[in-house]
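Next, two complexes with subunit A in common: one pairs it with subunit B, the other with subunit C.
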Partner chain A sequence: MKQLKMNRRDFIKATAVTGTALSFSGFGSGMLVEKANAQEQSGVQIITTCCRNCTAECGVLAHVKDGRVIKLEGNPEFTRSEGALCVKGLSGIQALYNPNRNKYPMQRVGARGENKWKRVSWEEAIDKIARKLMEFREKYGAESVFASTGGGGNPNFMSPGRFCNSFDTPNWFEPGAAQCYLPRTLMFMFCYGGGTFYNSDTSLGDNNIHEAYDYNNLKTKAAVLWGTAPSYSGPSQAGRVLVENRARGVKTVVIDPRFTPDASKADVWLPIRPGTDVALGLAWIRYILENNLYDYDFCLKWTNMPYLVNTKTKMYLRESDIKKGGRNDVFVVWDKKTKSAQPLEYPWNDSFDVAIAGTYSVNGSECKTGFQMLKERAEPWTIKKAAETCWLREADIVKAIKIYSEKPSWLSLGVATDQNPNSTQMAHCAAILNIIMGNIEKPGAALQRFKNACRSPVGTDPLMNFLSFDQLKKRLGGTEFKGMMQWWTGNVAKHLNALKTGKPYKLKAWLERSGNKMGTLANTYEWSKVVHNLELIVHMYMYPTGFSPYADFLLPTNEWLETDLPVDCFNKFFPRQATTHLYETVNEYEIWAWIVKRCAELGHEQCKRTLDPKETAPQHPTFVDYQDQLDWWCKSYDMKWEDLKKGSVEKFPLSEMKEYYVYKQIDPKTGKPKGFNTLSKKCEIYLETLITLGRTGAPFVKTPLPPAPHDYNPLPFFIEPEESPNRPVGKEFPLVMTNGRLPFWHHITLRNIPYLREIQPVADIWVNPVDARKYGIEQSDWVWVESKRGRINARALVTEGIATGTVYMERFWNPENINEKTHGWQEMNVNVLSRSDAPYNEVVGTYTLRGYQVKIYKAEGAPKGVWTKPEDFEPWMPEISKPTKRVSGVVK
Partner chain B sequence: MADETILKNLTERIEAEQDLHSIMYGMLKFCTSGRTTSELIEQIGKLSNGVCVLQEPGTIISWLKNAGGLKSESSETGEDIWFSTEEGIQVAEQQDSTALLSALFTNDAEFKDLYIRILEMCITPSAKDTIESVIEPVTGDEHTEIFPAYFIGALEDAGGLEWNGKWKTTDKGAEFLKSQI
Partner chain C sequence: MKKKTMLIDLDRCIGCFSCEIACKNENNIDLGVQWNKVFTMGPTGVFPDLEMYFLPALCQSCENAPCVEVCPTGASYINEEGVILVDHNKCIACMACISACPYKARSFNGKNQVIEKCTLCDHLKAPDKPACVKACCAKARFVGDAEDPQSDINKKIREVGTKNIHTLPDAGNKPTVKYILSDKTAKWHDRKSWVFFPEKD
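Our next item is the complex of A and B:
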C-alpha cells in the first residue's frame, strides 16, 4: 500500500526549505528564510510533538489522518528551531512505517549470529530475561550483568544506568561518554562550574550557547567552532542560528580537518591534523598570554590563577598551610606590597597588590601561581611549533587568534576532540580559552547561567545512591578513570577487556538499547568475537541492526512518533506526543521498569525498594506504567500529562530568561558574591580538583575510592597520537583518519531510510586530490581502506575539502546486508579500523576513534550486496499498518 | 572413525552456547544409548540443575543434530529415537577428562593455590558470597583487582565447579584436586 507515500519531489522541496512562520516573541524573529508551511487537508489532525532523531529535539507538527501520519513539518512555536526541520526529522514517517521494524519480541532459535528467531510474548521475554539476570547475580555477582546505551534511536538515555543502579551492577557504558561529551561536561564543570549538567559548557551542537539563539540582540563579535560542524550535526538549530549570527556580522573561525559548510563561510579555516588539537590549544594560550590579549582583571579577581600552588605537593596553598589555626577554604596569594604570601579571603582584598604570575618561596617550599604554571605549560608551544605539529600555516593561526580576541567572543568545542586520548586536555584548553578572555556570563559570551539552565524535571532519575559502595569499587575502569563518575558510567575498553580475558571478573549478560554497537564501538572485530563469551544478550531497538544477530532477545521499541515525553526548550515545556502506535512496540523506559519489577518479584530486594516512592525520594520510583512516569515529570509544573498535551507551557516570559553576571550577584546567606560552583568559587584553570578526583573520587563520592594509578595532570598537556604519521606505523599506513557528522544521520541511525540513502547511498572517503593521484585513485572509485585492525571499502570523494595526509569517513553500516555473514557492519564501517587499545585518556579513558593511521588503495568494486541505486531502496518504502493499542499489563 | 571436521564443528557449536555446555555435553553422554524424545527432554530438565534454560528442548536437540552430534532413527512406533553419533560420543568423553583443569592450572599457575582453596571449599556446596568472604581480590596488572568471581568462572569453564543452587566441586574437580594436594 503506497497511497501515503510522499513523492520524491515533495520530499526534496520540504528538505530544501526549512521555513518557518514568524515566531511569537523574543528569539529569532526575522529569520533569513521565509516561511513555507505544509499543505493541510480536511479530516487531518495536527499533533504537537518533537523529533528525536537527534539531540536537538526540534518541535514538530504531525499531520495524522485515520490514525496514520501523513506529513511532518516544523513547529514554529518551538523556540530553538522556530519551525525548522531537517532531513532527519522529515524522515520520521519512513522510519515509523519501515517494513523492517522490530514488531514483536523475538527470541533466538539459531546459533548466535545466525539471525533465526521465533516470536514470543512480552511476558515470556521479560520473565526469562529477569530469571537469567537473577541467576547470574547469584552465581557470579550482579556485576556480571552490564548494560549499554547510546545517543541514537529515540533513547531514554539514563534508563540503562538507572536499571544498573537498581540491580546493583556498576557496569554500563556508552560508546559516547568518554568519546562524546563527557570530557567537556566534566572539564567545564571543574573549570567554570555552571552548576548544572546541561548548559554549563560551550557545545553549540548540544543546545548550549543560548546567546547565539538571540541573534537579533547579538553582542558576540567572534565565534570559534572547534571540532564542531553545526551545519551538519544540527541544521535546524545550531547550524541555522550560526547562519543568522554570521549574517549579522559575527566573525567565525573553524578548526576542522574538513571543509564543512561552516568552514566555507568562516573568516579562517584551520584544517588541523586530527588528534593534535591540544598542541594548537596550548599555542593559542601561549600567544594570548604573551600578547596580553587576556582579560587581566577577570583573571586576577575571578579565577584561581593568582593562587599559589606548592609545586611539590601540587596542591594549592591554604591559610592553614601558612598560619596555625588557619582556614582550609582560604587560598593564598603573593602580595607584591609586602613581598609575602597572604591568605586571600573570598572574594577579594583590595589592600593587596596581588601577583598574577611568578615563582616564590613560602616557608621553604617553592610555590608558583596558577597563572605561572599555565604559562610554563604553554611555553614550548610557539605558533611555529603548533603549525608544524598540526599541519597548519602560522599566519592562519595568528589570524584566527586575533579574530577570537575580538570580545566578547566564544569558543565552542565539539565532539571531535572527545574522540582521542587527548580528550579532557582539549576540553580543559577550551574552558581556559573562554575563561582567560573573560568571556564569562557577559552579553555575547557562551558560558551563562540563564534561568532555563536546568533541564529537569524531564530526565530519568538515575538512582545513583542505590549502587552500593562495594559494587561501585568493582566498576570496570572505575579506579583508573574516575572522571567517568560524572556520568556514573563505566569504561568501554575495560568492558571489552573483561569480555576477552574474564578479568577482573567474567561478564555474563549484556542489555543493550541503542542502534548498532557494531557500528559505534572501536575495533569492531574484537567485539564480534567476545559476544560469544556471553550467556545472554538483549537488544532493544526499533529495527534489527548489525548488532541484533548476536542477541538472544530482540525487543521492539517505539519510534519517536510513537512516544510521549515532555520536552524542555528555553522558557517553555512542550509535549512530544505519540501520534500513533504500531505492532507491539514499547517505550524502552517501560522495558527497563518491567525487568526491575520482575526481578523484584523474584526476590531482588533492591529492585523492590526502587518501586517504593519513600525509598527513592526525592527521585522518582520505578513506574511500571509509563503514564505515571509522564505525570511525575509534569507535576513540577502542577499539571498532569493530559494537561500538557493541550499545549506548551511557558515557564516564564522569554524576556526574563537572561541573567548576566550571575557570579556577581550577592548570595543573601553569605552577603558575598555567589561566584562559581567550583572549589574556590572562582573559575579554575589549574585543577587541584583533578588531582583529588584521581586520588579519591571526590567530588562524586564521599567515601574515598582506591586511587588511580597516578595523579591526573592539573593542566592540559599534549600527547602525540600513538598511531602517528611521525612514527614507524606511518610508513605502512601514511594517512590520518578522522570522522564526523553528515546531515543525513545521527550517529549510526537512519541508514535504513530510503530517501536518505538515496542522497548518500554509501560511505564516501574524502581524499585530497594530491593523495588521490599518489595512490592512483579517481573520483567515485571504490577503494580499500585499511588500518592495523582490518579493512573496509569506501567510495572515493576526491576533494580539496580535506587536507593532504588526512582522510575522512563517517560511520556507516549496510542494513541491506543484515542477513549476510557480515551482518552489514563489515563492508564500510570505519570503526572496524579504529583503536580500542591504550593509550587511553588518563581521566576518562577515551580511546581512539579519530586520529589513527590508514592506507588506501583501489578495490575491484563495491562490496557484495550493498545497495547504491535509488531503486535498490524500494523495499524499504513505508509499509503502512493500522495503529495498535499500547502494550500494557506485562508486569502488574 | 570420527570425522575431524564434524568434531571441530560440534565442539565449537557447543562452546558457542555459553549457558548450555553442561546440558549439551550431558545430552550427548545420555544418548550413547538410544533415547526417546520424551526421555531426552526429561534429561534436559535434570541437567539444567534448576537454572532457567532460555531455549526450548527441541531447539537444543536440533542444534546438536545439525552440528552432527545427534542422529535420530524412527522406532517401530514412529517415535524418534536419539543416538549420539561417533563424534558426539567422542566430544562427550573429552569432557570427562581433566585436561581443561590441567591447562587452567598451568596457564594461571600464579593462582594455583587460590584454585585449590576454592575447590576444597566447594566440596561442601558454597554460595558465591561465602567464597568471597574467604577469598580476597588479587591485585593484577595495572593496579586493578581480580575478583573471586573470575576464579569461580574459570573453574566452572574448566569443569571443576558446577552450579546447583550453590557452587559445588564436580567429581572431575575432586579427582583433579587429589592430584594437586
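Our next item is the complex of A and C:
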C-alpha cells in the first residue's frame, strides 16, 4: 500500500483542530506516563502498606515521589493476596486525591439538610460536640446519645463501640452486624466454639478457610459456596484461591440467585429463590442423615447429638436429673445394652453402647437424643419440597449434596443469608452441615484452630466492662435480641423506632462514621424523616455522602493511604502505613478519643477513667495521640512500629501454622482431650445455649438480663419471607428482590471513583428475558423499581443469569447529586425499597434487606443529574494537592 | 524476530476487571479511552443451564499488522520487542489504523487528538511486567516472546499444548494473542467480527 506521507503538524493545521486540543499535543494518555516513568527512576520511594478498601486488607506497594502517591501495586510477599490487587485497591489514588475529600472540620450554617457549611477548627468542633453530649447526658441520660459505624471505607471498627462504653451509653449499631456476619459468628461460636478469630466460621470474605489458601498442599475435595461470590467480593484473595482450588480439581457447588463468575465455573449451580435458604439447608440435612452420608463416628463421639434432651423442658438431661447428688455438667446418653439412661463422663465411655437416635422415657419424662430432634426437625424437608419451595430442580440438589459428600469438604456461608430474618437459622444449618460431615479440624476442612500471628484482628479494645449494667438494660433491642451482645451492639430497627416515637426514650445525638447511612439502612425514606428529631448529628468520613447534608458537623477522616495500623496475615504482621497526609484529615480513632478526652475535662468521670491505663488494664487506655496507640498495639504483639514499617514481622514460620485435630490434644490440666470451646466441649447441634441466652443473656453477661419475649428455638426452622410471591403482596409486587456484590465497590463506597464509574456508571437491575418481555422492558432500558416503601430507577440488564420471578440490584448512590434535593440517595438506592419492619430474626433482630417483593416498569429515562458517560466523571479525577503535616495535639 | 504477545487463560479469568483498572492507572488513560476491556461472554443457554466466560480484549499483536501498514505517517510501528506502538508525535489521528484493525483494538483520544493502544506496558522494562499481568487476581495472563523458551508465555504454551487454544478471527493479519478456554468452563464463541473500543461520537 502506498502510504500518504504527512506529519502531525500538517494534519492538525489541515483539519483546523481548536487551540485547546493543540495545547495538549504530544500528551496522549501514554505520553504522560512515559514522562512520569522517566522521572520515576529517580527519587521514587516504595512504601509497604495494606489496602483497606475492604476487609481483606491486601498487601500493597505504594510508589511515592515527592510526597505524592503515583502508583499502587500488589505486594507479592503478602500471603493472602500474593501480589494480586483488585479494582477497589487499585482505586486508592483516585480516592486519596479525590477533589471532593472532606478536608477540614465543618459546621452546618444553613437548615438541616440544606448542605451549607463553615470551616471550624478541630478544637472548636470537638469542644462543641462534647459540650452538647454532656448536656444531653445531663438532661436525658447518656442513652440519648448513640453512635454508628459500618465496614466500608477505612473504619477503626471498634472505636464507636468503645466510645459508647466510655460514655456509658448502650446504643450503637452498624447496618451490618445482625445483617452481616454476626449471625454466622454467633452460631458457629455456639456450634463449633473455634479458637482465635480466624477459621472459627466459614466466611470467605472475612479471611477464613486457610486450607484453601494452601493450594499446593490441597486436601479438600469439594467446596460449597453458599450465598457467597468471592470472584466479585474478594477477587484478590478468596476469589483468587478458588481459581487455584478449581484448577487442582476441587469440585464446587454454588448456591446463589445470580449466575456469578463462581457459578459459571461450578459443577452445580443452584439458583435459589432469595430468602428460602433454610428450607434447602434442612433438606440437605435430611438427605444426608437419611442416606447415611454423615460421619457417624464423629457425630457419636464428638458432637452432642447422642445426648438426651427432655422434650418438656427443652434442656439437656444432666447426671443430676437422673441421680441424686449427680453432677450438673455431665450429660446423659441412652445405653442400648442396659436400655437405660446413663451419665456419660467427658469425653467418652466405651462400656456403653450409645444410641445416637431415638425417643426414650427417663423417669417418666419423654427424652430424645439431639440427633433425633434434628432428624424430626428436618423431616418435612424432602428434596421435592425443597425444590418446590426454593425454585430448584430436584436432580440438581441431589447432585450438589453428593459433591459435598466427597470428603474432606467445606461449606462456606456468605453474607446473603444474613440479610433476612432467617439469618441465624441458616448459619445454624451451615454449622451443622460442616459438623455432621466430620469436616472439623481435619486436613482440608474449613473449621480449624490454626495458630495465628495475633489473638484477634488488631483493633481498638472495646472496654465492654465500662458500660454499666443499668445502662446495658436500656440498650435498644437488647433484651429481645440478646445474640447481638456477641458484638455488643444494638438493634437498627429499634433505633429507628425510638427516633420515630420517642419510645422507650428520646434520642438526641447521633455520632456516625460510615460511607452513607442513606444507602445502607433499610427503608431509607423513614430515616430521612426521623433525622430531624435529633439535636446533634456528627458525620465523620473521607468524603461527604448522602447522609452528610443532615449533619451538624462534618469531620474529615484519613483514607487508608494516610493510615497507620498493624495488619495480620497468617503468621506475619504487615504495616498499613501512611504514604502521605492531606489537609486536616485525621484517623477516625483520634476523633473518638478526642471527644472522650474533652468529655472527661467537662466532668465525665467514667471518660476520665478510660484515660488511666490502671483503670482499663488489660485493655488499653484512651490515647489522645494515635502514635501512643500504635506503640501499645505493637508492644502487645511483641514488635515495634518502626520495625514493622520496614515491611513485615514474622511471628513464627508458616510451616508451624497448621495444627489439625486440636480437640484431640490432651489438656495437661485435666489429662483429657481439649475438646471444643462449647458448653459440652463437643460440637453442638441442638443448642440449649440459645435457650439460656434468650432467658438470661449468658454467656455474654454474668448477671441475668430480663428474658426475651419467648425462648429462642434450639434448632433451625424456616419461615417463608413475610413478603413473598406466595402471599397476597405478590400480586401487586410479583418479583423477589435480591442484592449482592459487584467487583467495583465495597458496601456503599467508591461511587466517586472515575475509573470505576466509567465501567459501571449506574445501577443495573438484572431481569430474566421472560420477565423483561412480560413487563415490556428491553436491554438497557431505564426502569422504575417499586416496593411498598418507595420507588427508584435502574438500568435493565436483561440476562438469563437470574431466575424468572427474581431480580437483582446492587446498592448504589450518586455522589454527583449530593447538592440536589435528593442528595444522591433517592435515585437508585435499593434500600429505599427494603424493609425495616417486623418480622425480625428472634436471636439477633435481622431485618429484611433481601427477599422482599417489587415490581418493575419502564421509565422515561435516567434520573435527573445522574452521570452516565465516561467524560462526566472528569471533575472527580485526582487533583494536585500538597502533603500536609499530620494534625496532632488537638486536645491537650 | 522477537514477538512479544500475550496468552490469557479464560478457564482462570474471573472477570474481576483488575486488568482494566491497572491498565488505566499505569498508563494514565483518559476517561472514555480504553486499551484493555473485559467482555462478558454470555451467559448463554437457557436458565438454569448456562455458560459464561470473560474475554479480556486488547491489541491482538498481529504478525501482519494492518494498522502499521496503513499508517500514513509512520506513527504506527513495531519496535525491537515486536510490540506495535504509536508515536504520538507523528500521529495525525486520521483513523486509518482504526479502520484497518479487524478488532477495533485501538482507541481515539478526542481530547488529545491521537490514536492510543495497548503498549504491553513497553515502558516497564523486564523483569517488570505489564500492569494487567501483575494485578490479575486469577494469574490468568502470560506475557513474553512466544518463541523464547525462557518466557512465561512459552512455558504456558508448552504446558497446555494446542488443546483448548483459541484466537480471534484471522483475516490474514495473524493475531498472536492466544486464549485458553476448555469446554468445562464454556464453549468458545465464534464471533465473526469484533469492535473492542467503539469510536467516540
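Throughout what follows, the second predicted complex is superposed on the first by the 842 of 892 C-alpha atoms of A that agree within 3 Å, B and C clash if a C-alpha of one lies under 4 Å from a C-alpha of the other, contacts with A are read in each partner's own complex, and residues count from 1 in each chain.
Here is the rule we go by: a contact is a pair of C-beta atoms (placed from the backbone, for glycine too) under 8 Å apart; a residue touches a chain by one contact, two chains touch by 3 or more.
These numbers were taken from a predicted model, which means no experiment stands behind them.
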First (subunit B), second (subunit C), both or neither: which does A:Gly141 touch? first
Once the structures are superposed on A, label A:Trp226 by its partner contacts, choosing first (subunit B), second (subunit C), both or neither. neither
Just checking: does A:Val109 make contact with subunit B only, subunit C only, both, or neither of them? Give me first, second, both or neither. first
Tell me the contact category for A:Tyr541 with respect to subunit B and subunit C: first, second, both or neither. neither
Between subunit B and subunit C, whom does A:Pro709 touch in the aligned arrangement: first, second, both, or neither? first
When the two structures are overlaid on chain A, which partner does A:Leu756 contact: first (subunit B), second (subunit C), both, or neither? second
Output the subunit A positions appearing in both contact lists, the one against subunit B and the one against subunit C. none
Contacting residues of subunit C [partner subunit A, same complex]: 11-12, 14-18, 20-22, 24-33, 42-48, 50-54, 69-75, 86, 88-94, 109, 111-114, 116, 119, 123-124, 131, 134-140, 185-186
Which subunit B residues qualify as touching subunit A in the complex? 13, 16-19, 51-52, 54-55, 59, 63, 127-128, 137, 140, 142-147, 149-150, 152-154, 163, 167
The residues of subunit A that touch subunit B in their complex are 107, 109, 111-112, 128, 131-132, 135, 138-141, 143-144, 474, 479-480, 502-506, 508, 532-536, 552, 709
Across the complex, what residues on subunit A touch subunit C? 1, 3-8, 10-12, 17, 21, 24-34, 36-37, 71-74, 83-87, 90-91, 93, 231-232, 235-236, 239-240, 243, 247, 259, 261-262, 264-265, 269, 271, 393, 396, 743-744, 754-756, 758-759, 768, 799-804, 869-871, 873-874, 877
